[in-house]
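Letters A, B, C and D mark the chains as written, and numbering starts fresh at 1 in each.
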């Protein structure tokens, strides 16, 4: 294929890096040229990612970057801002999956993170969620793929802003439930199977950094709490919203249809019969789909919005590939067609 | 032992009934005289409850009630109000684990349930949570053991009322996560292992009936949503509270200590080190303990309260035995000393 | 596409039927013309299979079969032998996923099942595992897709026969561990989440019917025991083999390479570093891959063979599509390219 | 209580140490005088073991051992043989839960472990399983509590030796399935929740050291393979036995009744109705009970024996307390009365 783009994955031995390898390997327009790992240099990618045992590729030193069309950085927060010049030297398009370029101002990084080394690049970087920022992604050089919990929340609430049901002044509580892959491959006592299985654990009771992304891209302050539950993949955001005036179901269906009716990866699930009546992580596990839905609680003047994604896919690697597809003018769904499984256990 | 009380369990083949059998069998002051089951008459109790294989007892016909000191009814909602005369004929003290006698007025049953057959008894019945209603339980004839999700919520929020941090007019969102035993032993497609494992499923998005108990016993309207997650036992309530004025941590520690410092089954867990920093269902699985804790989110003027119980124990059978202990003037912790396990999987 | 084959799935609301719909929907050479279900007629396929919510198709009455190129029957045992004439009237190629046409003689059905209604068709029917029977599948009219536990076992042991390490007279114990999807979508108390989660349960201690397939296609009597464990998908067969003479590792690597070196769906995993050193169901979940591996125990003159598949894929729906690909002369991997996920929870 | 024995737990921050604390704390005849931990000195025991948050005790330096009646050592293999003099100086009775004193000869330690520092003590040390060695435990000074997987296997097979159904020359395959607590609290990549959940993983395909205990105490060489599955507690041994002659069910029932009819912690489960027809780890989780059962496979001249224990209890801490009860002449079941839970998730 003469038109194939070359891609590298920096930080390819981690969970997100492995997911990028899987997606790019199955992508009709990409060829994986390099997968780097400090700890597993010269090992096959299958050594770390058993699903990729058929893939004939070995990890290389992250200091020796090959020249490629697109570089995906799946490194811990802080690495990309330090190595961004090397990344941009190596590739025309850089897609960063960390938080390093998601926010727009140095002040935000001072408030939510430990400051920023390269504030000069913050304006240039484009935030991906394609669903809220598609136009800016076209031809972008530096793309900051959104955070998983922020993505779930923004996808759930955005149609309410589009439809003027929310203005940004309302009280909104977001109670998120996430799987263990959010903790990464590193481990530690809290992530060990005996301690981590079967839990409902408040792991970010308040002050989660993804609040900053939600505030920037929705213009909304949210009361945000994240719980760890027993699944490996998945993020489910339950948004308890208190709109100013009464809202009708028909309005809500209209709002979600207007925002997502043409989106290839979004679907609205609200009631109906069967076992799966609302968004569920299981229904989208392994896919780049997002599910959103809602229910009204008139007695409390409350609107409950449910949103579910696979944190490894729509919440990181899938979203990054989606954004690269948009940036390069490819078919948006290219390489992201997997429909998910049923039944599936703890996804 | 001449002082032993005889007890019967009606509806003993269900999950809650089995838990009652286990507790009463190990209780120093009770002797199980009868365990009834419509479906499993003449089978050993171990046939349904493998942990009770050592117990030499067979299910009998629920229509043939023996005369006992205390009758525990672990039947589906609606059965107790129908059979209450027979229950009271058979026993001096009736402890009902269903919702049939929890609320005080017929109007509430009209609003939240399908009305009530025996409104004449509603005033006589005493609600158990011992932690909020201990004095009324002493010598009570008819005790209505509280609902699991209501119990978790009430235990979390009550100290805030006792300490005048909440008055009842505040906005409170309660986001509950529960295990599969809440669905009972019956099953159905949604409860089957392939469909139920690994889920975060909104199973009562709005309008859960336990709101009525919370409203009655706290005087507070809550925005209540229940999710099913992958565990068998356990209910964790996250209460997002917006007090009128500023609240300090010291005040909160004081409030929880004042309310629960002398309670044998309550402990407050809020921060500190280690893996388990807040209340978790795993930490109380199998026990009659409740854990409560909190965190402040000053930026959002929010107070987050966490509460965790074992829905089968503190949320039903354990609470019922605790109430019976109070009613009969026994040691409150009698038969309820089990400290729980570590590690434990999905509890 | 003028060359597309039309396909129908009979029994499409069950787990295996849903998996067939997913695979055929994503298959470049198939178009799904019909999905039948007695219980869910007129419901969308997404009502039963949440991963297929994007698929615009409704279940129809199984009595009204459309004329198609290939009919896949995912019905309970006994249905296909009763309806085979209707199936063959409707389609040139019938792929049956039940046990109805797997064995060759009426005597076997008398011994292992409740006899057979259509023994006249047993000779015509071709057993699929493509890995052992590829040549006979080319152009076949009636294909009997292999049983999941038999498939895992046969795939593990076949190379030992090909390489004359086993002759069929040896003592072989096969201890299988399977997920809950093997029980189907029906449910029942033993399959309910509270009873089924976290188990190691001997569910077919002896006399499992898949012994018959193993005996027929390997010429080997095996001591076969199946345990249910806590996963949704997956079958792992541990074969404890006692060869007559000494065996070396090099010989074994040779045997597995000779049998599977060119097989698109098989890989051999035996030792090496990392977390996943032997075949594991997690490593193949959602895929049509099979993993086999081995270890020697010279002190006991034992050879341990491990084999892992996804029972829903390589063990049923994936294998059926693979067989159809072979029968129609298509690319063998068409529609079966999914590489699986890492990490994945209980698959 | 003037008659209470004082006890210390060395290595009390690990899983087994925590279980010992729980058991001794609830034991009517013991008082916990000391709990040591190198890593968590001065922390409360509840810091590591959330179920023990109510216990008023802090970890102390393992080098400063108090004088007690009984010292329980829950340290990694190798520590006890190094510190045994200090242990015996501190306590009249030492119960070691590691492998350091289980085998009788230095040769065995040379073969299966890395030799032994104190072979002079091997003869003095008494192996506990009380079920096979009760008489020797009475008054013993140094007790070596048996290994979990060996315990499950020995308990399953011993009645067959007692009844002369097995002589020790037969072919026996033991296929064990264990939970994640066997790996201890340490963790590591293979034990992290994303990698460890939902697995069927051959973690000791051959050569497991517990073979040595089985060989010593049953006089039987077994072909032994251990798999890790998704539970936290539990060990289930499936023993595939090939007796020389025919065996009848009645004989088997007799054998198990003769061996275990009077044992307070053993029960035989073989068929019958209901969901739990054979031994299952779930049915004994948290308890000191062991379940054994069997099924005949006449076509293969095979007898399948099932055995299930909680590896943390009957497989280590519970067994150690049981042995101490025997050694001190206490009621055997003292402190070990917990009956287990139903339902329980992944135990």
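As a working rule, contacts are C-beta pairs under 8 Å (C-beta built on N, C-alpha and C of every residue); 3 or more make two chains touch, one makes a residue touch a chain.
Since the model is a prediction, treat every value here as computed from it, not as a measurement.
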| item | value |
| --- | --- |
| Of all other chains, the one whose Cα centre sits farthest from chain D | A |
| Copies chain D and chain A - interface residue numbers shared by over half, same or different | same |
| Chain centre separation in whole Å, for chain D relative to chain B (CA means) | 34 |
| Centroid distance [mean C-alpha coordinates] between chain D and chain A, Å | 45 |
| Separation of mean Cα positions, chain D and chain C [Å, integer] | 38 |
| For chain A, residues contacting two or more additional chains | 15, 179-181, 185, 189, 194-195, 197-198, 230-232, 275-276, 280, 282, 343-347 |
| In the complex with chain B, residue positions of chain D that touch it | 15, 18-19, 22, 25-26, 43, 47-55, 179-181, 185, 230-233, 267, 269, 272-276, 280, 282-287, 289, 312, 337-347 |
| Chain A - residues contacting chain D, complex | 15, 179-181, 183, 185-189, 191-198, 230, 232, 345-346 |
| Chain B - residues contacting chain A, complex | 171, 173, 175, 177, 189-190, 194-195, 197-202, 205-207, 221-223, 225, 227, 229-231, 234, 236, 238, 240, 242, 275-282, 295-297, 299-300, 302, 304, 306, 308, 343-347 |
